[in-house]
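Labels run A, B, C and D following the written order; every chain starts at residue 1.
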Amino acid sequence: MLRIAVLGCGRIGQMHAANVARHPRAKLATVYDVHAPSAERVAAAQGVTAAANPEAVFASPDVDAVLIATATPTHADYIEMAVAAGKAVLCEKPIDLNLARVNACAARIAGTSVPIQLGFNRRYDPGHSAARAALLAGDIGDLHQVIITSRDPALPPRAYLEAAGGLFRDMTIHDFDLARFMLGEEPTEVFALGNALIDPGLGAELNEVDSAMFILRTASGKQCHINNSRTAVYGYDQRVELMGTTGMVISDNRKPNELRRYSAMQTEAAAPYQFFFLERYHEAFMAEIDGFVDCVEKGATPLASFEDGRRALILAEAAYLSMREGRMVKVSEVTA
Amino acid sequence: MLRIAVLGCGRIGQMHAANVARHPRAKLATVYDVHAPSAERVAAAQGVTAAANPEAVFASPDVDAVLIATATPTHADYIEMAVAAGKAVLCEKPIDLNLARVNACAARIAGTSVPIQLGFNRRYDPGHSAARAALLAGDIGDLHQVIITSRDPALPPRAYLEAAGGLFRDMTIHDFDLARFMLGEEPTEVFALGNALIDPGLGAELNEVDSAMFILRTASGKQCHINNSRTAVYGYDQRVELMGTTGMVISDNRKPNELRRYSAMQTEAAAPYQFFFLERYHEAFMAEIDGFVDCVEKGATPLASFEDGRRALILAEAAYLSMREGRMVKVSEVTA
Amino acid sequence: MLRIAVLGCGRIGQMHAANVARHPRAKLATVYDVHAPSAERVAAAQGVTAAANPEAVFASPDVDAVLIATATPTHADYIEMAVAAGKAVLCEKPIDLNLARVNACAARIAGTSVPIQLGFNRRYDPGHSAARAALLAGDIGDLHQVIITSRDPALPPRAYLEAAGGLFRDMTIHDFDLARFMLGEEPTEVFALGNALIDPGLGAELNEVDSAMFILRTASGKQCHINNSRTAVYGYDQRVELMGTTGMVISDNRKPNELRRYSAMQTEAAAPYQFFFLERYHEAFMAEIDGFVDCVEKGATPLASFEDGRRALILAEAAYLSMREGRMVKVSEVTA
Amino acid sequence: MLRIAVLGCGRIGQMHAANVARHPRAKLATVYDVHAPSAERVAAAQGVTAAANPEAVFASPDVDAVLIATATPTHADYIEMAVAAGKAVLCEKPIDLNLARVNACAARIAGTSVPIQLGFNRRYDPGHSAARAALLAGDIGDLHQVIITSRDPALPPRAYLEAAGGLFRDMTIHDFDLARFMLGEEPTEVFALGNALIDPGLGAELNEVDSAMFILRTASGKQCHINNSRTAVYGYDQRVELMGTTGMVISDNRKPNELRRYSAMQTEAAAPYQFFFLERYHEAFMAEIDGFVDCVEKGATPLASFEDGRRALILAEAAYLSMREGRMVKVSEVTA
């Protein structure tokens, strides 16, 4: 049983704490939050003792690993502290909103043997995984086109948006990662376009967009389209399509159950899709912990690495440059 | 081009006349109806001359074949007249509501070389055909169970029901035929149960049922369930399921188009199914004419024969006996 | 946290022990099995101490409730012992293979205030539950027909079949219960038919069937069809269809993921259905424990009661009588 | 009955001739092809007399309208001749591969009262029509994103590609039109990217692409993605998705029948999609003629006009400019 401490007791930290506590191969060691009462509440619910500060967590001999689910600006610091303390790391995305900070972190932890896994949960989704497995098995021949549809169920509150670092770094970053995961080679060019269609105020006041479309291309010519919307009233819309020379696979949306309704007005009507990532990706989050335990206990390579986190952020940077200049941007322009 | 005369200009006769007129391998020779103005109207619409009486049709050198779509009590007479005149026959089901009359007709036409095809249109449906083809190709191994769901969109008017000869002879007869077509061997036992659930008055006043369930079994133990309802508000419900040792095939309902709707209340909602047999089985009715032309011009064996019509009626008789006595009935009981 | 002891550490007992251990509102108190090493193994895996005998379980002050997953012949005894000890009971189906024994047990526990819940897990399935909720909400109007398809993925070993008490008591009993749950009124008539189609040896040697079809009818005329097969190569096939005057709902099969495959040979191909009840009904088994905790802690009425277990067995008895005599059997014939 | 002459007896001309001949509101007047034997063959098959030259067609008092299905370079000429002769026109796309020629034609026919309809058949497809109807009815609120997937089943022969004018003018032109039809306002910006992935030789030898992705945007910010491939082994892939503030509609692919296959390897597998436009858009082509008859006989406005043909070509021009320069192009750049 891997003893994992969860740092951060917000929405996603609470979920991780419960998942770790219930995972057959993991044990919740402790929890910490900058807001002590939050940590206390989660600790009580899971039957553990909250840690007073991060230092105590990193120093504890009863902690094998940390799951970082705190506010984004602390991620890189905690990764560095964890590596220094020899604690394995599972860190929520993004590593940081600032690429320079990510690069500095990368330099500081270079060469460490401490396992570091990024929280790109979608890589662990049964449907998305099966799509990639089919590709790797040669079931669709050579991959030509990837289509990723990724729409959140509802626009988050303004306060969240102000801190999130922009749609491309907060939301699309998952899709950039998924694109890389599926394409099997680095995108070398990015085109991006965004608008504030759901809440036009976002554009005027935050310089933010809520609806976006992207095209990525790899050096060998593989093409990828991503579309994003902050609101999909029919539920969290998460689809991946891989089109190749001998076939296609689609990882479609998951419904809460398989009920179909028939009436004088319609047939085969299903329920709205699972509301959001907590429901939709529950199995993925559990599998992510499973993969993390394998990394620590068996020395497995993380399916999503620190470098994957850095690469996804680079694509977000390139996308912002593309949107500003209305042109295809070479990824090398933002890494040079 | 096979020159076909259509006898009967009611709902289904009108459809057949239009289908024949538009069929690439057939030509509408003439039409007849006991109600002359009906025949005149259809003749005008299709650009042909109506026949004054059936005798004129059977005597005409410009008629190669007749499609009998008149009232059921005339079917057997017209079949006999057509055979005597050497005109090929495509006759709507049922041959007659009375098994003795059917047997007499069979005796009179015994040995004829005139092609006779029964109007069991469902045998020609692309989906149902593909299901049987999969079975015959060995795709599902040995057949064990057949499930036929057959529900009409809306209860017909009382006048129709009074003349129809009862649910089993009027509606289930198609399903009995489909069961035989799919089972590939004769059902030897029948169990039937019916109720007047949609219109309880039917039971009291017409001794009729509007909802029914059946179980058939063949000598080798193959099992078949049929369910019927006179009303399905979501559209004409026509499904066939074949379950075998190495697989299953389902011929599912056809929708008018492939639109799917998504809202805050539901996802993947399709339109109601095609309203009734005119829409749902349009391709089947056209293929039925195609098959008929093959029978006449190439000497092909009819996919649905006179004997198939007789056998389906026998199953209806056995089903009525079963319903009356509340027991499994051997088919041999009604043929002895 | 309800402290539950699990009696029986076979396949389903192991599953229940793991589910209880991981359930947010329950705690695994102890486990017992007549084969001590089995109990030790499960106890070790879940971090509890195995009980030496059932008496110790019933006497323990650290046990609030028992989950009976032992061999069927012990169920009624353990229910009686649990009631005597004041321990709440969640008992796997069937209560007993012998109706007289069930009736005797019913008499002995009559009037008890100890909560007793039957393990009819399908009542807790999200899809089936949603179907019933739609019916109760009036979404389909008056219910007319119920179709239950229930096919196991693979024929169990001969040894299992010899002890199972026959298809109707072992497998169909779930479907009889589901039929009652959905119909909302008691079936008063039963027709059954079975064959040994998958393994003809079953018929000759065990007087057993592996493929069966049923028709049930209630006093008001509601009709229900059930079909069973011991083998469905495409996975555990579990469907429920409710057809009413203003609509229909279908609780369809659940797939392991939402991947669809497209090739030159086919489109929209999904994975085989979830293999068996452990996978298919995982959510249902967890919800079943949730419901049980509600019964004990909040005095809720069990969704599946002892009487439901008895009624399902009565339907199995009526079905056997029907199959033997080839006729519709009144349920009152076997209860008189 | 509208008397229509079909000019051009290639693959699509033959189809149109057969459709006109079988259409309940139209009559095939004559056919013409530059290759006389082709015209003779089609004329014989449809029971009409072939015209010796186009002039005879335009001069004939027995011709009410012409359907232009000849080689693209003749379209504009025949449109002008038809207008001069007062014959209504249904012209296959594109009007011409050269925008200047289209503009010249527009100038010459300006102000005519002769009905001119463009052959954008997809506007008449039942599924796509229903999607637009849902949008216009307000079922999905304000439209934000349109996704068009359009993939041909197989790469056409090199000779076809050499004459076709390039992927964007030959194939995407349908999607540009569909985008305009669905968006309800003009796209003002276009981004395009293409590669020769299926046949890399196309790029080197013809400067042609076979795989492409596009993003379009309207003045109000509505976003549209189109993806194209010249090869989809699973059949002609034709999907349209409209995402709005209160819902989404998807016009999905049509299958040849509704058979679903289940085996130990897969479930719910359907047949490959309908092979190509002749099958997939048969209903649309018939509805297109219906709409044309309405234009001529009732003075209805064509659903697809000459100007729609010109606008689609402008988008193709803008897309080529975008692909060459790797940037978002304003549509006004190519019209100025």
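Throughout what follows, a contact is a pair of C-beta atoms (placed from the backbone, for glycine too) under 8 Å apart; a residue touches a chain by one contact, two chains touch by 3 or more.
Just so it is clear, the structure is predicted and the values come from calculations on it, not from any experiment.
**Student:** Chain by chain, through touching neighbours only, how many steps does the shortest route from chain B to chain D take?
**Tutor:** Between chain B and chain D, the shortest chain-hopping route counts 1.
**Student:** For copies chain B and chain C, work out whether under half or over half of the interface numbers are shared, and give different or same accordingly.
**Tutor:** Mostly the same residues.
**Student:** Would you say C-D or A-C is joined by more C-beta pairs in contact?
**Tutor:** Higher C-beta contact count between the two pairs: A-C.
**Student:** Measuring between mean CA coordinates, which chain is farthest from chain B?
**Tutor:** That would be chain A.
**Student:** Measuring from the mean C-alpha position of chain C to the mean C-alpha position of chain D, what distance in angstrom results?
**Tutor:** 57
**Student:** List the centre-to-centre spacing of chain A and chain C in whole Å, with centres computed as mean CA coordinates.
**Tutor:** Chain A and chain C have C-alpha centres separated by 39 Å.
**Student:** List, in ascending order, every residue of chain C touching at least 2 other chains.
**Tutor:** 233-234, 246-248, 253, 261-264, 271
**Student:** Along chain A, where are the residues that touch chain C in the complex?
**Tutor:** So the residues of chain A in touch with chain C come to 18, 22, 24, 125-127, 129-131, 134, 139-140, 246-254, 256-264, 271.
**Student:** What part of chain C is in contact with chain B in the complex they form?
**Tutor:** Interface residues on the chain C side: 142, 144-145, 147, 149, 151, 189, 191, 193, 195-198, 211-213, 215, 217, 221-223, 225, 227, 229, 231-234, 243, 245-248, 326-328.
**Student:** Going by the contact rule set out above, which residues of chain A touch chain B in the complex?
**Tutor:** Residue list for chain A touching chain B: 233-235, 253, 255, 261-273.
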